[in-house]
Amino acid sequence: MAKKARRVDLDHLKQAVDEIVARMDVIEDFGKAADHLEGLGDIETDRFAITVATVDGDLVSGGDTDVPFAIQSISKVFALTLALRAYGDEVWKRVGREPSGDPFNSIVDLERHKGIPRNPFINPGALVVCDIVLGRPKDHGGHADVRAFLEHHVGEKTLGRLKEIVTEDGKSAGYLNRAMANLAKAFDNLHHDVEAVMKLYVEQCAIELTCRQLALAGRYLMHDGIDGNGEDPDVDAKLSRRLNALMMTCGQYDGSGEFAYRVGLPAKSGVGGGILAIAPDTASIAVWSPTLDENGNSLLGTLALEQLTTRMGWSVFG
Amino acid sequence: MAKKARRVDLDHLKQAVDEIVARMDVIEDFGKAADHLEGLGDIETDRFAITVATVDGDLVSGGDTDVPFAIQSISKVFALTLALRAYGDEVWKRVGREPSGDPFNSIVDLERHKGIPRNPFINPGALVVCDIVLGRPKDHGGHADVRAFLEHHVGEKTLGRLKEIVTEDGKSAGYLNRAMANLAKAFDNLHHDVEAVMKLYVEQCAIELTCRQLALAGRYLMHDGIDGNGEDPDVDAKLSRRLNALMMTCGQYDGSGEFAYRVGLPAKSGVGGGILAIAPDTASIAVWSPTLDENGNSLLGTLALEQLTTRMGWSVFG
Amino acid sequence: MAKKARRVDLDHLKQAVDEIVARMDVIEDFGKAADHLEGLGDIETDRFAITVATVDGDLVSGGDTDVPFAIQSISKVFALTLALRAYGDEVWKRVGREPSGDPFNSIVDLERHKGIPRNPFINPGALVVCDIVLGRPKDHGGHADVRAFLEHHVGEKTLGRLKEIVTEDGKSAGYLNRAMANLAKAFDNLHHDVEAVMKLYVEQCAIELTCRQLALAGRYLMHDGIDGNGEDPDVDAKLSRRLNALMMTCGQYDGSGEFAYRVGLPAKSGVGGGILAIAPDTASIAVWSPTLDENGNSLLGTLALEQLTTRMGWSVFG
Amino acid sequence: MAKKARRVDLDHLKQAVDEIVARMDVIEDFGKAADHLEGLGDIETDRFAITVATVDGDLVSGGDTDVPFAIQSISKVFALTLALRAYGDEVWKRVGREPSGDPFNSIVDLERHKGIPRNPFINPGALVVCDIVLGRPKDHGGHADVRAFLEHHVGEKTLGRLKEIVTEDGKSAGYLNRAMANLAKAFDNLHHDVEAVMKLYVEQCAIELTCRQLALAGRYLMHDGIDGNGEDPDVDAKLSRRLNALMMTCGQYDGSGEFAYRVGLPAKSGVGGGILAIAPDTASIAVWSPTLDENGNSLLGTLALEQLTTRMGWSVFG
């Protein structure tokens, strides 16, 4: 255990997780699934899972913790990690670090800021990040892509893939992303072919993880040299501190302010119902429940994180 | 000559055109060429041409009246004519009729109005009109496309084509149009493939006409049965009255208000430096001069039309 | 009768007006009154009036032609006339001439264009015009205000005034106008006190005219020296030509494009249900009917003008 | 010392502060003063002060720590505290909790969201909060206003006041705020007179504190019952946790994302050059230096906080 890590009371944590799972079992029918993502098929809206990976190496889980789900926008954190490891703060010449004040799929900001997306977690920002990842030199030494990165951090080679993603191509969300990619390209902020960038983007969104796998994957964001994978711990600490800052201000789309207010942890959500939240120096937390709120964040997942952070005193705001 | 046509004093008109051409010869260096249209190559910024086709069938010309230029956005009037002839006011379910208040290439309005372009003369509106033209039934009986329409109205089969337009495809303007087409498609207001619509759009923009040909092509917009091509004159009169209204309020991009204020005629400009202006029941006027003002309209062309309309008393506003 | 005036077939006109009035009598319940203008009280939604003042000096009327109504935004045309007579094109340094693409009461454009309203007929533009009128030198020789201007042009000293306008002060519309006046002042484009400008603005909006009076007031906009009031006819012709251009592109709020398409005359509407329309060189037309469409323009008034212009062939678009 | 408080290594802190002050002494000329705030007069751009109030009750200071400066927008945190103590989450019915993505003085968002400001730290949000504070019942039992609140928390009755603030009234910023207040009132989200709300707003912005006083005033935001002023510690902890969340996501105007990225503490800046930053459970930190960056935040103040948080390991992000 490293110098800044806060020891976690494991019994307290297990009790908290058990109670949260029990409470979620009796909550149903909390909204609507992400019906704009046609590839998701029928969804049982009452499923719930949680896994907490502590700084001490313990795993505490509850619910449908072995059901895989598409990580969707959570992949944007991992793609940004690849870009920052390769180029550092050079990345910020092509994408901003400010909350957008507009929905995640808004094209307005991109035009107003002349092709520079407001942050790497709205769709146009993620597309530019994918373009940066594609542009790394052949011998960059990093992971080939988000899938390779995740296989390394989870420690498994058999990560799943959303089957129906191929059909998403012909649907509304695909065209909207293509519109944003073309607009970025019109401003000379996309260097590869639109379709090549789209392919990388769709591929990483389609990766399926279980809650257990996602919590393992997020351990490096506790930034205390936890992952033991040989990266430079000092570089890594600084990197994850910055990633956490971005997740705090921009990670929950247009609901980031409310999420910070209620939960108080840096986190990134995906429309597949997953959320990865980080208690710095303490824990990597993954929750999953498919029903989304009006901002596109998991309804039960957010509620569970609010309860967990209150129970454990893990809010970064005291 | 039809019932509403106003007889034109031909000597007066010839004198006015001669004086305007003489004046334009001494005006040079009035701005910058449309350097965002890479296909246009080097431009001699002091070229000028004018042709007036009167309701009586006379043609009065001056300047470089046989130099072909790409009609670019002027083609939007002809494409809209094809759409309105096929579907009438049904067209307005998919595109609006209001000035946009934003530059011609703005994507903001398109998002704000959920995929319905503000009018058929901004780029997203023209793309939707192309999509409508593509969707006409096989046996619609109208002209196959804008080129066929123009061949018919000009009475020639040898209209030119901008050679370098193929290269425009890879440039900024092409990506911006693709962004708008994809955004319209995301809102389900584009029914054909983006590339098929883009192809039709680029093809019609690349048509080259001389001033003489353009003035001939615009005669049907005087709407007095002038073209003698067998269309129903009543339908045609109503149609051209409406096209003139649209050209008046939306025809000069974000400079339509100033154009109406100074010139007082319905008109449509193109970034190739051409303008087609209509004096209802009186004349079809084509001007060309490549240097553009800050709104993308021909600088000398606008000035010439202002002088012509003042000299001839042709402003529709009295 | 002046040189450009078009003789009007008076019998044809009388027949057209009679038929329009008869048709309006059977149309009812066409929408909702301007319920955001609390001062207007209960409105009988089926009232209708029309007066046409021809270039030959004839008056043809029908319906409730002696019922006074508040001219509201129609006053913006007269206020702009005062400003243009005093300062000419200098006015355009402080207000634009382009359609706004946003509702009449939008504050967005004013911020985007740094305190320069898009045109003189949206509310912020009218407030800046009032500020210009207030700033005329003591000895400017023009009319003191819109009321004096109208008394002169109507030839009566007993024009009415909307009684309840004092209460409007405390209502939503008043605060919105104050917001826009303060924003213009923040950009240094309002030189007098906000309340002084507001007072002039509210006073001119509250002037009550009958249809007959409004048609008389608008005669100077036919610009053929009709009003016989000693102004320089050449200056006046140029001025009214320009005012007509502005009314055509910007006169019906966010419905200007559709109005041009359907009616084809320059016109200005007010939320009191009045519309002043000009057939250049031909006629000054006033209609009134209190029920408004979704853009804030008189529903029956617009319909009547569409029928009149079709019957008489008065569309400026042929 | 309360249960969650983190003990601070005082020697380490003193050394860090000394080094930061020494470094700031050699940095000069870092930008431009807030020249849009005319009341501020001539500014010596190289002044710098810092005070850290630890959870243990220690005070560590350096630089011009006894020079008073206007707290300006930092007062928005204290006004919000008064509102939340009186009404709790009811406050969020009238103001949002999301970053705005637009500059602090933008009026666009206010119109788009129909009079509901995006958050309480942009100007329209602060005006609505002042309106809420004004509306508290006579016997609410809380502090009369921000001045009384600060006198209580600082423990002094002689807080200063910016002298020239009366002149700000007639300047650009005053009109802009009046525009926003009137717009909120047009949407019925301001219940008191605009001038009454403006007066409260201007008064609280004009309060002058030294760095020492500001650090003392911020202690309650460490939320560990530090202030010893008899408020309910549980309520207070929850309150300050939420205030910290808001400061993190919205506290530095349009530079909040970058501030979180670089500094990693919840904080609120003012155009007077002050910043109040909170290390939860650990320290209340005040810095002051008048030169501002392009987002309106203290240039040297931000730099100092970045160095302090790095040295002390106080970033909430690990």
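Going in written order, the chains are labelled A, B, C and D, and every chain counts its residues from 1.
To be clear about the criterion, contacts are C-beta pairs under 8 Å (C-beta built on N, C-alpha and C of every residue); 3 or more make two chains touch, one makes a residue touch a chain.
To keep track of the chains, here are their UniProt names: A, B, C, D = Glutaminase.
In this text, all values refer to a predicted model and were calculated from it rather than measured experimentally.
Shared contacts of chain B and chain C, meaning chains that touch the two of them, come down to nothing at all.
Think of each touching pair as a link: the shortest run of links from chain A to chain C has 2 of them.
Relative orientation of chain B and chain D, expressed as the C-alpha superposition rotation angle, is 180° to the nearest 5. Taking the mean of C-alpha positions as each chain's centre, the chain lying farthest from the centre of chain C is A. Ranking A-D and A-B by contacting C-beta pairs places A-D first. Over half of the residue numbers found at the chain C and chain D interface occur in both copies, marking it as a same-residue contact. Look at where the CA atoms of chain B average out and do the same for chain D: the two points lie 56 Å apart.
Distance from the chain A centre to the chain B centre is 49 Å, each centre being the mean of its Cα atoms.
Separating the CA-averaged centres of chain A and chain D is a span of 31 Å.
For chain A, the set of residues touching two or more other chains is empty. Looking at the complex, you find that chain B touches chain C at residues 4, 96-102, 109, 118-119, 222-224, 237, 240-242, 244-246, 248-250, 254-258, 260-261, 264, 266, 278, 280-281, 313, 315-318. Chain A makes touch with chain B in their complex at residues 106-108, 111-112, 172-173, 175-176, 178-183, 185-188, 194.
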